[in-house]
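Naming follows writing order (A, B, C and D), and every chain is counted from residue 1.
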Amino acid sequence: MNISSSTLDVRDLNVTIHTPLGPLAAVRDVSLNVNAGETLCIVGESGSGKSMTSLALMGLLPPAATPKATHLRFGDHDLTAGGRHAIEKLRGDRIAMIFQEPMTALNPAWSIGEQMVEGLMHHKPSLSRAQATARAIELLDACGIADPEPRLSQYPHQLSGGLRQRVMIAMALMTEPDLLIADEPTTALDRTISAQILALLKDLQKRLNLAIILVTHDFDVVRDVADRICVVYAGQVVESGTRAQVLGQPAHPYTRALLSCVPNSDADANTRLGFLPGVVPSLINSDDGCQFRARCSLAHDGCAQPVPVSTEADRQTIRCTLSMEDINNRYRDPVPPAAVKAEVSDDTQAMPALEVKGVVQTYEVRKGLFGTKGQVHALRGIDLGVRKGEVLGLVGESGSGKSTLARALLGVEAPASGEVLINGTPISKVDRKRRARLVQPVFQDPYSSLNPRRTVEETIRLSLDIHEIGTPDERRVDVKRMMDLCGLPARTAANFPAQMSGGQRQRVAIASALILRPEILICDEPTSALDVSVQAQILNLLKDLRAEFQLTFVMISHDLNVIRAMSDRVAVMYFGRIVEAGRGKDLFHAPKHPYTELLLGKLGQGEEPRKAVDFPNPLKPPQGCSFAGRCPRAQAKCAIDDPRLTKAGPQSAACHFPT
Amino acid sequence: GQADNSLVWGYDTQLESMNPYATNKGKAQLVMRNVLEHLLYRTADGQAKPALATSWTWVDATTIDFTLREGVTFHNGEAFDADDVVYTVAQIKNPDAKISAQGDYKFIESVEKTGQYSIRMKLSKPTPSAIDRLSQTLFILPNETYEAMDAAEFGRAPVGTGPYKVTGFEAGQMVEFERNEAYYDAEWGQPQFDKLTVLTLPDPQTRLAELTSGRVDFVWGLSPDDMMQLTMSPDIETVSGDSTTVTFLSLDPNARTGDNPTQDKNVRLAMIHAIDRAVVGQVMQGAASIALESSCHPKQFGCIQDVAGYEYNVEKAKEYMAASAYPDGFEMKIAAFTENARIAEAVTGYLRKIGIEATVDQRETTAWVKDYFAGEIPVGIVPWPSNGVYDVSSITPFFFEEGQGDYIGDAEINAWFAEAGSIIDEEERLRLYALGFGKMADEVLNIPMVTKVTNYAYRSGLDFTPAADGYPLIYMAGWK
Amino acid sequence: MGAYFVRKLIEAAAVCVAVSIIAFLLVQSTGDLAVAMGGLDASAEDTARLREVYGLDQSFVQQYLSWAGRVLHGDLGQSYFSQEDVLTLILERLPVTATLSVASLLLGLLISIPAGVYCAMKPDGWFDRSCLGLSVLGQAMPSYWVGLLLILLFGVTFRILPISGTQSAASYVMPSLTLAWFVFPVFLRLSRAGMIDVLSSDYIRTARAKGLSERTVLFKHALRNAILPVVSVATVQFGFLLGGSIVVESVFSLNGIGLLAWSAIQRSDYPVVQAVVLIVAIIFVLLNVVSDLLNAALDPRLTSEQ
Amino acid sequence: MTLSSTSSSRGKIPRLLPARLAGRTGFCIGLVLLTGFIFIAVFAPFIAPHDPYTQSLMARLKPPVWAGGTWEYPFGTDGYGRDYLSRLIYGTRISLIVGLGAAALATVIGTTLGVVAGVMGGYANRAVSFIIAIRLALPSLLLALAILQIAGSGVFVVVVVLAVTHWDRFAVVLRTASRQVASQDYVIRARAMGASEMRILRSEIFPNVLNHIVIIFTFEMAQCILAAAALSFLGLGIQAPEPSWGLMMSEGRAFLVINPWLITIAGLAIMLLVLAVNLVGDGLRDLIVPKGRS
């Protein structure tokens, strides 16, 4: 290891947060080093201390937190003694940082230009404003913003999320820093945009010889950009090494289990995902032992002792009581990914369980009492069929109308035109209670989908109460059975949602949806707010229940991997339309619509998406193909003629020029 | 202050306009007397003396001839003569004029010019108190000037013949006067102050504090408690003056407001025995206050106080209550306005002792007046200033004869008082008034309360005599 | 921006019309005014005549329409009691109320914003605690009581300040203090909460990450966003204060709008009450528009139409 | 089994309460004060040494005991010779009744409008916005005075008048809150379960906006107590000889110099009661409103 060449070298960084319940060891004994031109990915589940680590490096910790490091070196500066103050001198100059939430990370009251130049002018007072502005324009251009100059006078709210994140990156690079710390820079963005941002970062790194520390929980991102990887768990680095080492031959039991949970391109609807039981423990008053031992299949008595860090020649570093050999010998996948059998008739003639015919949904928006009216075109003519027992995956960017469609399928919101048929009957004609026994939802946000004033038991029992099914005793028994099925311990029956973890809440939501034994389950991004390990648990649960209850599923997600892991058939939505639909296998293997290709990162050679062009305005839908603005293949026809969904290969696509 | 020969009067009433015909409030008109004059004025002890009229003779019961003063000019130089008087009367008699209190002038039928400085006034009926009234009402307007202005304009910059000229006016807040150097040789003397300011301070405590702090030289309308407090200040003199104002508790024996407990004579008897009127007068008005047996001021002609009297006797009151139709008591609201609410509140205390759950219903003056005349106030405190007129005919027509304010509704009393008000024969009048007030007392048709005392306080060194009618003419005062 | 402004104005106008109708209705239901105007000794004919002269015998709708028509021509009518032009009456008293409102508002803001900011920087410190305590106390003290205590102290005991009237600038000291004491808690809490909120926001972290000095972070990035709510509430409060601090004006015998309205209500001086309510509502609504504009100026998010 | 576990863990919440109360001095002080006032109001006849209405013009303006008075009248007597302490004690009743009554009525008006606007949206929302705008544009004290002038006096009228002028905050907050709650997924879920709109309103939306209601209730109650006192002070609303604190101050004003205690004590009483209500309200806000999750 060549220490002198590394841009940043940290050893034994500790961050303790003082909470009313006791000291919280958010980061403990973390050692990192990153070299110029290199990307270090810090990856781990939520709450594992990733952000605290990066904030500590910036000297931006909240007042309640105290950092401590035995060794802290940045370039030629030894910052060990200076602590926070020493770092503050470099902050914003040599070290720059970008944050997760592009919507809130820019000050709404100042123009982009002002916010970009002020940092530079602060650090280089000799620079004139004109020079600073010139640099800002140059960087915006470098960050893929077309026509950057007028942007400078715009305000953050006038830019889309993707653009804001580009501005954030450009802003961070104003002072030509040596190190860029990016805390989940793409988590809040759509997959397509996220890919562009990551590509941009890589490109800039190459050009500027930047050292980058990228914090993320997303293994797809890691796979894309990392040179080296640190896997953190409960504030500790459990494994670190090069990308090939950590992803290729994971050593630590945690890394192994975690990776098995990540849905990947091998996953399909008939296999279960990996399994990592439990959740991240509380870090308050935690002991010195291995934090992972409660969830570890290899845990033994020795794990309660302080854990040594071990490195074997040319291999990654791990923090485990066992040697890599031992782990290799003893590690078993905790639960073999058993196949799930579910019968789907391939009979195209059979009557679909759920059918959508020309559904259009518009929302009226109006500003103030006498404001101008506008119509948001949320759904612009959807045709879809879901066969009995099938899982239909619905994928699309944010704002494409997935949730709106879900509400229409549930019958809780009447579409502006068109209709939804359940077993051949229009859903609007089905009585409220009867409908409830046919379709039930599971929603995305585990916080907002449970009434905070009801206990778990009351929540699950609610439908029984509404439908007046059974005696109170029978209801209680039924609830208990449902909780068992969904993996909820009986002791949680009296808990309020605030006392449950996200995964548990989602289980409650599923239990309460299934207690009426519906035929169809509409899942609107059921796992997008959850960690991978928990996501795997929930997806597995859904897979199990599908077989158990003979369910028909509509599975909505913006995550292609989740869709791939769950669905028999897939429909891709864009701007209120289905742009491509077909069997999962076909669609993932050979996408026809350029948008699907973009999502899958499978655009042809030389087909670059247009520079940062936005989603069309739902208040004023364009005349021709709505994707034309972003499409690398768009031609004159596309701007005039709106393509309909037509057969293209085994699937169908709404494109004039399918692949 | 004395040093610069000026006076600041801390006044209790807001003046929205200095046009005397825009208001019917006696207290507001009092300020205007510095600017505009009547034909006659009244001395501190109550006699009518010449002002703009130098002499008068009764031609018959409804006709008076006046000789007007010559050589008088209004503040803007306009000369005063008979035309101004004729014009003024024509103005107030004009049915389209927005004049608030035409009723005050009902006794005048018309005025005709008999010479440049003489007029003949016709009365609408024999009015024994006409001369006295003319010393209290009928501000003479400058005909040419007034014609050229509108009423509101005149209200901001009035022009009169009086001893003081208006030099500044802030509606509702203050009026500034300057001595009228061209004032004629008046019977009462000449104005003394170089400057006179009337500053409105509606809150008594504020008036008091401003007096002690020296910003104000003269205040009135103080309570006995305030007076007590001021006796401690060495440089301040206090004096209590009389007034023609009486208060009585109006009841509704004739059920004008609908059925009510005061229809029951036993209830009325109980009430009048329950209230210690002497103490109320002393505490609320001051030592000079007189407890009344009849609802009129003893100084007024025809005010017969020698009628059936009722002592303060709670035991008796309780007996009457027990004998009444309401042995267990009842609830009662006493409507009152301004400082009379304090008398009302004291009354509630007495009535509660005999089982009448009385509360005060405090209204603003005009609201009270409106409801009282509309016949909606079964029990109320009525304060009646008689506009300073020394004759009971200035009170009876409003409350005890068939009028809007009559809650008694007794045909006999009505007839007696009506006749007494329209004849000149003094003995006959006295006989009739005795009959009327006698019956009112026997039947306890209302509860006469107390006379009002006007309390003044001012900086030592002021030569001031309180007026017997409660309307002091400040222009007559001066620094010693 | 233009469209935004126009929309706000139309809304404001509609509110004013509604308010004028309510004011008219309310005043009308106080009963027969002619009797009150006639005074103690008016006869039935007098009353009938007054009723006719003032058009009180017409139907409600007729009266309202003719009044509204006149108002649109700038004629608010005449007071029934002083024959004075109502507009003149109000304009005469407006300066008093306006001086008082501006003085107390400025006083309140000048104390509470710095205090609030300082509190937010060290939440739960001794300064923060005492400011909060003071504001809780301030909210609990009736303003007329504060006024009376001030009079007792400075007017009666020490005799250093005039206790009534508007003769000199000193006359405004106690009333302004009283009102400032009344608005202080509101502004303090708002600026404190706003600042705490903003200081924990992402963009402040961004600003710090740029290495800006703490002063720049505080004054350039935080303060502007933190005082947004204070600005809107301050304009609203200003509207309330202008609408007449009836109580304080009556305690200090200040001849302002509040006192005018109060006495007009008491004697059902229709034209004055109607006009005051209408004008106060217009001022309030306009101030709201101003507040919106101010907010829009400070917060660019509000104006652009996406 | 489920039942017992339910009750046992429900029991956890009260047990948690003392822990949550610790360190909230303000809330505790407020609670103690408020309980004290309620106690005084309920047991006024047993606590008050004299009848609050009985006058004795001969024994008027007695100073309080610490300013040279006697224990016969600990706080002295007022301008009509009534025992000041007894009036103060009975005044607690009026203040509490008016405050609670007005705030309760305002809650009903404001919550109804707010929830209707928030849940129904569209035209209902715009109509309610308009009503709120009008209400805010109308000067409330003037409005109250005008209504009182028309409707007369008495506790009931005061309660109604104050409610009419104090509902706006409920409407504004509850509109936002209920709109936010109505868009929560659990409401959509309940709808999908076949719950009727009434049921959704009653058992999904209402319980989740209740905390807002409670907090605004305490705030408005304090405001109503102050406003009622201000009305009395101006001579409208509650009428003499009722022992209302505002009225007592108004009457005491005539003796500002002779006996300043008359206004000082009544003012202190108002201040303490309002303080108590506000402290309880602030405390409840901290207790009920969960800190933002993050």
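As a convention for this text, contacts are C-beta pairs under 8 Å (C-beta built on N, C-alpha and C of every residue); 3 or more make two chains touch, one makes a residue touch a chain.
By chain, UniProt protein names: A = Peptide/nickel transport system ATP-binding protein; C, D = Peptide/nickel transport system permease protein.
Values in this document were obtained by computation on a predicted structure and should not be read as measured data.
Student: Could you tell me which pair, A-D or C-D, is linked by more C-beta pairs in contact?
Tutor: Higher C-beta contact count between the two pairs: C-D.
Student: Any idea how many Å lie between the Cα centroids of chain C and chain D?
Tutor: About 23 Å, centre to centre.
Student: Just curious, how far off is chain D from chain A if you go by their C-alpha centres, in Å?
Tutor: Their C-alpha centroids are separated by 47 Å.
Student: Counting in whole Å, what is the centre-to-centre distance of chain A and chain C, each centre being its mean C-alpha position?
Tutor: From the centre of chain A to the centre of chain C is 50 Å.
Student: Any idea how many Å lie between the Cα centroids of chain B and chain C?
Tutor: Once rounded, the distance between the two centres reads 39 Å.
Student: Check each residue of chain C and list the ones that touch at least two other chains.
Tutor: As it turns out, chain C has residues touching two or more other chains at 11, 14, 30-31, 151, 156, 250, 266, 268.
Student: Among the residues of chain A, which ones contact at least 2 other chains?
Tutor: Only 369 qualify.
Student: Give the residues of chain D that touch two or more other chains, as numbers and ranges in rising order.
Tutor: 130, 133, 149, 253, 256-257
Student: What chain-chain pairs meet the touch criterion?
Tutor: A-C, A-D, B-C, B-D, C-D
Student: Per the contact definition, I'd like the list of chain A residues that touch chain D in the complex.
Tutor: Residues of chain A touching chain D: 364, 366, 369, 407, 410-412, 432-437, 439-441, 443-445, 447-453, 455, 457, 462-463, 466-467, 476, 479-480, 490-491, 493-495, 498, 509, 512-513, 516.
Student: Could you list, by residue number, the parts of chain D that touch chain B in their complex?
Tutor: 53-55, 57-58, 60-61, 79-80, 82, 149, 152-153, 235-236, 239-242, 253-258
Student: Give every residue of chain B touching chain C within the complex, in rising order.
Tutor: 14, 16-17, 19, 22-24, 95-96, 98, 100-104, 106, 151-152, 155-156, 170-173, 199-203, 206, 209-210, 213, 215, 363-367, 369-370, 373-374, 398, 404-405
Student: Considering only the defined contacts, which chain D positions touch chain A in the complex?
Tutor: Residues of chain D touching chain A: 1-3, 5-6, 8-10, 122, 126, 129-130, 133, 184-186, 188-196, 199, 204, 207-208, 290, 293.
Student: How about chain B: which of its residues touch chain D in the complex?
Tutor: Answer in residue numbers: 203-205, 208-209, 223, 225-226, 228-229, 276, 279-280, 283, 333, 341-342, 344-346, 348-350, 352-353, 358-362, 364, 367.
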